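You will see two complexes here that share chain A, one where it goes with chain B and one where it goes with chain C.
And now, the complex of A and B:
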């Protein structure tokens, strides 16, 4: 299932939790691990200098520098490296999101693991055209599932026994659902299908009375069974639930209740109209708050 | 030492040679060797006799040393009125001297001349507008660079840049396959959001053949996608050539005349091959100058024009907005103080000032656009033109040169600078990094895409 993992890292604290998970998966599934570090943004016109992501200093990238960076990465992950049976360290120059996406396209990994965006985001060196973090841009266009690990709590990961699949019934949710089923079958774990009905009572939202809410939830649940259960052959342990509330909070709460080792979600496809739209705020909030890794899928 | 191993008169013509030169960090060995290479004075004088046409000779002779050009040069102004920065002085003390001495100059002289040619003039041609005789020091500096290049006295990055054009027919190591692949890939990435979006390669007889800057391919292909989206929404029949897609020319900055010709020939060949109605180039100034303005002369075209009518991106955009091919949602127009950077290469040198202002009319809420002062054909260089941006050796001088633009922007009070030129865009980004004045800067494409009123049938279906 995870033969090839791509681990995109800044080799700083921001990627520490993700590193632990990436190496654990590699260990559990005997995956080959590709460690990718983006050296920095090409600076000024056509000059050879880049601004180093870590130090923010301008450096001249040559073989010596690259060798040094690779050594640094090895040292940084010295404790984790023995967990993987084969790995490779690669460095590239460019805008992180673009180079990660390029790498995915070229080497077709089964999974991309990433941590929180690096601390240098927001600095002018990263600015190009429309805003949006590396994370947002990668998830939006990635051809392979993206596993995100933000909180330390999310990084203590043995094996997967409980998967929570949170759906918003969108097209990309269907893709994510297929992946969740495949994974559940493959590793023989429990699958919890979940939808949170948005009833955040902001001034803009329609206010439903409780009867309507419950009525709708029953409808959703029926719809749920029709839509998903037929496709779940071979998965014996599953549950389906619909809750009401602020979706990301409900998803995080539900995942906690089910002792989820993994949350699978699709990128919010509610705002497909613009290239500059931020990553769905729902998914962003789940990533920030979840106590386990979050796997996102778009395609 | 007549020739160095890295620094010599031989142009780069293989990927291996490129890599060897690239691996010389900061050009350390290169510049060390430069100090002792020999000047081939015979060749220098012969080249001048064969190539220095009457225009330049006349200019050098008729210069009245009146100094009227001094205040026109932003490098003179920003360097505290240093007399050595007076345009007339800069050219007389270099090219003028070489000619007066019939090419009998030494290594030391050439190294100093190199510094003047690449760090004291950005070939912005502003001085020509103020000289009572119309003497254009920018053009002469361009010529001087050719002489220096031939003798091996050229900044390291530009020797590499010119070599890239010779090896890849692009300013970076992007092959034709890389280009097509990247173009198709990035269009795929946006397909869902823009149903029907296509990546048309090598279509014969299209209305538009689009050419780009290799940096877009290498580092931010989003720009290619944005071009595709805008053509798509405007309903254009367009294509890109799989060969001859690179519009830029670092060889022009380097003074590598032969490489200039090689590069622009690939673009003209693409025009001949695909026979589009027109060619549209990306938001780049020097690329326009190279391919549309000077290129025809490099390849010896009698009519002084490219094989098909060639326009800058801003001309296409202005027309698309004016004719309603692209519609802007008025509610989404820019409502922050905005200013515009006029690029020397297509505004001063090719008269396109009204195209950009037509665009501004459509995309900026009335009252929010503030002109820089001076502006249009009188605008100052961004500070990084003519190759200045990319040369590490002259970085301190370049950073100082950015002050002119910084102060021009500051006095507009603008928060966003529209910079439809790669060089200007870079320079403005650098000045923000260097001096942090709290501005944003952007090409036009991403700004326009955000405010488009997209026809119903082109919107994604949920």
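And now, the complex of A and C:
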């Protein structure tokens, strides 16, 4: 299922948790791992001068420098590299999101693994226009599923035994559902299908009484069964639940209750064609808060 | 006497912890993987568990999540002992987290504080 993994890394602490998960997946599924490191943004178009991510110095990128960076990456991941049967380290110059997306189009990995933003580590190198938004831009345009490991707590990942698929019944969610089913069948794990009935109060939102909320939840549960159960042939262990609350909080709580190893969601499912670079607020918050890796599906 | 379950796939660590705890007046039992550990906790009572994180097959956090589903076991204190970085984040309800190589005095103090 995961024959080729692309692991996009800054080879800094920000990627440590994702690295642990990426190498563990590679170990579990005998995947080939492509480790991709973006050296930096060129000082001007097509220039070979970039700002080094680690040292923050302006450097001239030549063969010697690339060899040195690759060696540094090997040293940084020395403990993890023996877990993968085969790997390749690749370095590129450019805006991280563009280069990662280009690499996905070119090599068609089965999975992209990314960690949290280097911006959160206080690195000024990525502050201006790349890292904070890299993750979001990549998720929005990726042709392959993107696995995100934001919190360290999400990285203690032995195997997948419980998947939570969070849905809002949209078309994009259907794609994510197909993937969740395929994965559940493939690795014979439990699948928990979940929907959160949004009752968060915004100035535009209506306030419903509890009877109405519960009635809606019952309706959604019936709809759930009709929509999904017939497509779940071969998956014996599953559960279906609808909770009320603020969606992203309920998804994180539900995943915790089910001891989920993976949350699968569709990105920005309400606005699949939206041109904004920002992800939807629910998926963004789930990525930030989940206690397990979050797999985002776009296409 | 109080009884401690040691869950670790490394025999040398197991041996070290058994000696440490038994020399200080505790009974011990040990398991090398999650499956064996679950069998043990379901068959006899323990007062404390030391838990490694990365093990062949299922990892330590999986053991913890399975154990706490049993209401009679969910209050057994767990001390995480692992070489993994960031192990303090692995099990939020663990009473302590130690990184290998750990200080035996520190571990003993934690165990004594909990059990005595």
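Keep in mind that, in the parts below, the second predicted complex is superposed on the first by the 275 of 299 C-alpha atoms of A that agree within 3 Å, B and C clash if a C-alpha of one lies under 4 Å from a C-alpha of the other, contacts with A are read in each partner's own complex, and residues count from 1 in each chain.
One rule holds in what follows: contacts are C-beta pairs under 8 Å (C-beta built on N, C-alpha and C of every residue); 3 or more make two chains touch, one makes a residue touch a chain.
Model, not experiment: these values are computed from the prediction.
In the superposed model, A:16 makes contact with chain C only, not with chain B. Using the contact criterion defined above for the overlaid structures, shared-chain residue A:152 touches chain C, although it does not reach chain B. In the superposed model, A:60 lies in contact with chain B only, and not with chain C. After overlaying the two complexes on the shared chain, residue contacts for A:82 are found with neither chain B nor chain C. Chain B contributes residues 22-23, 25-26, 157, 160-161, 171-172, 185, 189-190, 192-193, 215, 218-223, 225-226, 229, 250, 384, 389-392, 422-423, 426, 429-430, 432-433, 436, 440, 442-443, 445-446, 449-450, 454, 459-460, 462 to its touches with chain A in the complex. Across the complex, chain B is touched by residues 42, 44-49, 60, 62-64, 94-95, 98, 101, 105, 124-125, 127-130, 141, 269, 272-276 of chain A. Residues 16-17, 20, 151-153, 155-159, 161, 259 of chain A are the ones touching chain C in the complex. Across the complex, chain C meets chain A through its residues 53-55, 57-62, 65-66, 84-87, 89-90, 92.
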